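In this document, chain identifiers A, B and C correspond to the written order of the chains, with residue numbering beginning at 1 in each.
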Amino acid sequence: MSLQLDFPAVLERWPSFLAGAALTLELAFFATVLGALIGTLAAVGRGSRSALIAGACKVYVEAIRNTPLLVQIFLVYFGLASLGLKFSAFTVAVAALTINVGAYTAEIMRAGFEAIPRGQIEAAEGLALSRLQIYWHIILLPAIEKVYPALTSQFVLLMLASSVCSQISAEELTAVANYIQSDTYRAFETYIIVAVLYVILSLVMRAGFWGLGLVLFPRRRRLGTPL
Amino acid sequence: MGGHLNINHLMFLGQGALWTIGLSVIALIGGGIVGFVIALARISPLKSVRIASAVYVQLIQGTPLLVILFLGYFGLAAVGLKVSPLVAAGASLTLYVAAYLGEIWRGCIQSVPKPQWEAAEGLALSRTQRMMKVILPQAIRIATPPTVGFMVQIIKNTSLASVVGFVELMRSGQIVNNSLFEPFAIYAIIAVTYFAMCYPLSLFSQRLEKRMGRGRSNLAPA
Amino acid sequence: MQQNSSPSEPIVSLRDVQKSFGPLRVLDGVSFAVQRGEVLALIGRSGSGKSTALRCIDRFEKVDGGEIVVCGHRVDRPDVDLRALRQDVGIVFQSYNLFPHLTIEQNITLAPCAVKGMGSSQAKDLARKVLAQVGLEEKLHAYPEQLSGGQQQRAAIARSLAMQPKVMLFDEVTSALDPELTAEVLKVIEQLAADGMTMVMVTHEMGFAKGIADRIVFMHRGKVHETGPASILNSPTTPELTQFVGTGNLKS
């Protein structure tokens, strides 16, 4: 039982690895932004007075959370194709990832909304603010601040999950790894390098979110206390 | 274009679903045993053990499951072991589940109220006795809802075993599609099947969580 | 439909108001009126319905029967214009309910800008003015958590004042405060009364009620038992009020 590893042979492919990592981050970025938007809308929709809207949002969330991402990606991929629409693998990947992370974000945001004390909403109502204004000024940012760690984790998980997009030929990091290992016959080394790269990407993302938190939450930046 | 979906196809898919459940159980048991060890290691009095287990968890949680599956598959081949896709997938999933369950359980152990730890110490129980008789029984109660919730994750994650050739539900679907060429319909059926397996567990986990919320108030000190 | 009330009409009037929470009858035919510039104190045991009655005035509870008219708004009707009502009525809560993620200045300028469309610099001037009124000018850029309870409550009063309401409602605003912080809040309320603000307050502070209230309304089990000038606390006519005053329910 011998293990002969040859890392240099694989490491010399670093431009490809870098390109794959960049695409992974791109996928994660677009899916995060769009998914956060959709998730927030779905969370607001869950609280809607219209039973139809609230029900539709619940169906969306439960359907996504109880099916694998791989199946969702294939459904989006083949669904779009059967409608005659031709999109790049990148676009399809972003669409599927957005739909997926939107559902998880909706649940997290909903918990954030429910954590806002009723008294503050009453105070806002007493000041004649409209329902929409109350969401925007009083509920949204404090809710995001409360659930920020959960949101950050979710989006990092999204970046890791983007590896599944290799199955529809999006050229992200795992797809690059698959190609390189079949080219160099050094599968183990390739995937070790890629694993390390993903860990680095996770750290980069967490750092990015930490910085974003400083910008979004001035009170926390000044006082250092949780909400 | 291909034939029509008939009962044989559905039975084939059904077989795949059974293998999905089987692999999930393997991952749960294997990952559960290793995860338990990890959870205890994370709170060990020995610093080196704490650090080693923390590094393990960070590495696994920072790597996509697909990459871990590839590592298991090719890694075992690299050391000269010829294993079936089931064993490769089972081993990879075990390592993956162990990291996540270990973290969940560690959190649950640590959320047993501090007065309980102190009461057990005050009764002069050894560390093992404290864990076995006082802390773990309570931690198990706290851990049940998130563990049931994580079982949903395990079932969904088994779909990736299809990529390393294990014929579970997802792979069965791909095989059926290769003869029928009706991908959207087939994957829709597969999605519904996964939903049927996962949603009841999700509901159960939520119900446990609510019951925990009510029951906990009984544990509050007088 | 809203008209400015003429001087002789009460600015707040409740007539035979009914409200139940399930099987529990909380308000059982409550009637009273408040004239412009008057200070009315609502007192009673816990469960007497006084807080509920107050909240009904600003439509935080819907009534099951009876009539409520506030600044010309028919509050008991389902189609009442809430936005207009709440610009005419200011309410201060027991738990202050300042917005923790905003500075005091932002807390105060939020509603004037968002509801009345006031310009940013004009709103900031207004904020400075109302904070000076409650004695907190230096706390303009602080966050609520940096203020004491009494300061937070005064800031909450300033926040309501910034909307220039015609009526102010106070719902047990000193009950959550330590005794030494209560005085500073009562001083602010006293000054507001002297400046002619119409006020309805639910309070346990008997000495304070006696001092500044023009009229007292004593509620018991959802009904108004006695109403009259502050002197009724010294010479109650009904057995319930006699018992209430005697048992130290109020802080003198």
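One rule holds for everything that comes next: contacts are C-beta pairs under 8 Å (C-beta built on N, C-alpha and C of every residue); 3 or more make two chains touch, one makes a residue touch a chain.
Everything quoted here is computed from the prediction, not taken from an experiment.
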Inset, instruction - Please indicate the chain closest to the centre of the assembly, with centres calculated from CA atoms only. - result: A
Legend entry - Taking each chain's C-alpha mean as its centre, the one farthest from chain A: C
Legend entry - Distance from the mean Cα position of chain C to that of chain A, given in whole angstrom: 46
Inset, instruction - State, to the nearest whole Å, the distance from the C-alpha centre of chain B to the C-alpha centre of chain C. - result: 55
Legend entry - Whole-Å separation of chain centres (CA-atom averages), chain A against chain B: 21
Inset, instruction - Report the residues of chain A in contact with chain C in the complex, numbered from low to high. - result: 117, 119-120, 122-130, 133, 137-138, 141-142, 145, 217, 219, 222-223, 225, 227
Legend entry - Residues of chain A that touch chain B when the two form their complex: 1-3, 5, 62-63, 65-72, 74-75, 78-79, 82, 160-164, 166-167, 174, 177-178, 181, 187-188, 191-192, 194-195, 198-199, 202-203
Legend entry - Footprint of chain A on chain C - complex, ascending: 58, 60, 82-87, 89-91, 93, 95, 97-103, 110-111, 114-115, 143, 145-146, 156, 159-160, 163
Inset, instruction - Note which residues of chain B are touching chain A in the complex, please. - result: 58-59, 62-68, 70-71, 74-75, 77-81, 152, 156-157, 159-160, 162-163, 170, 183-184, 187-188, 190-191, 194-195, 198-199, 202
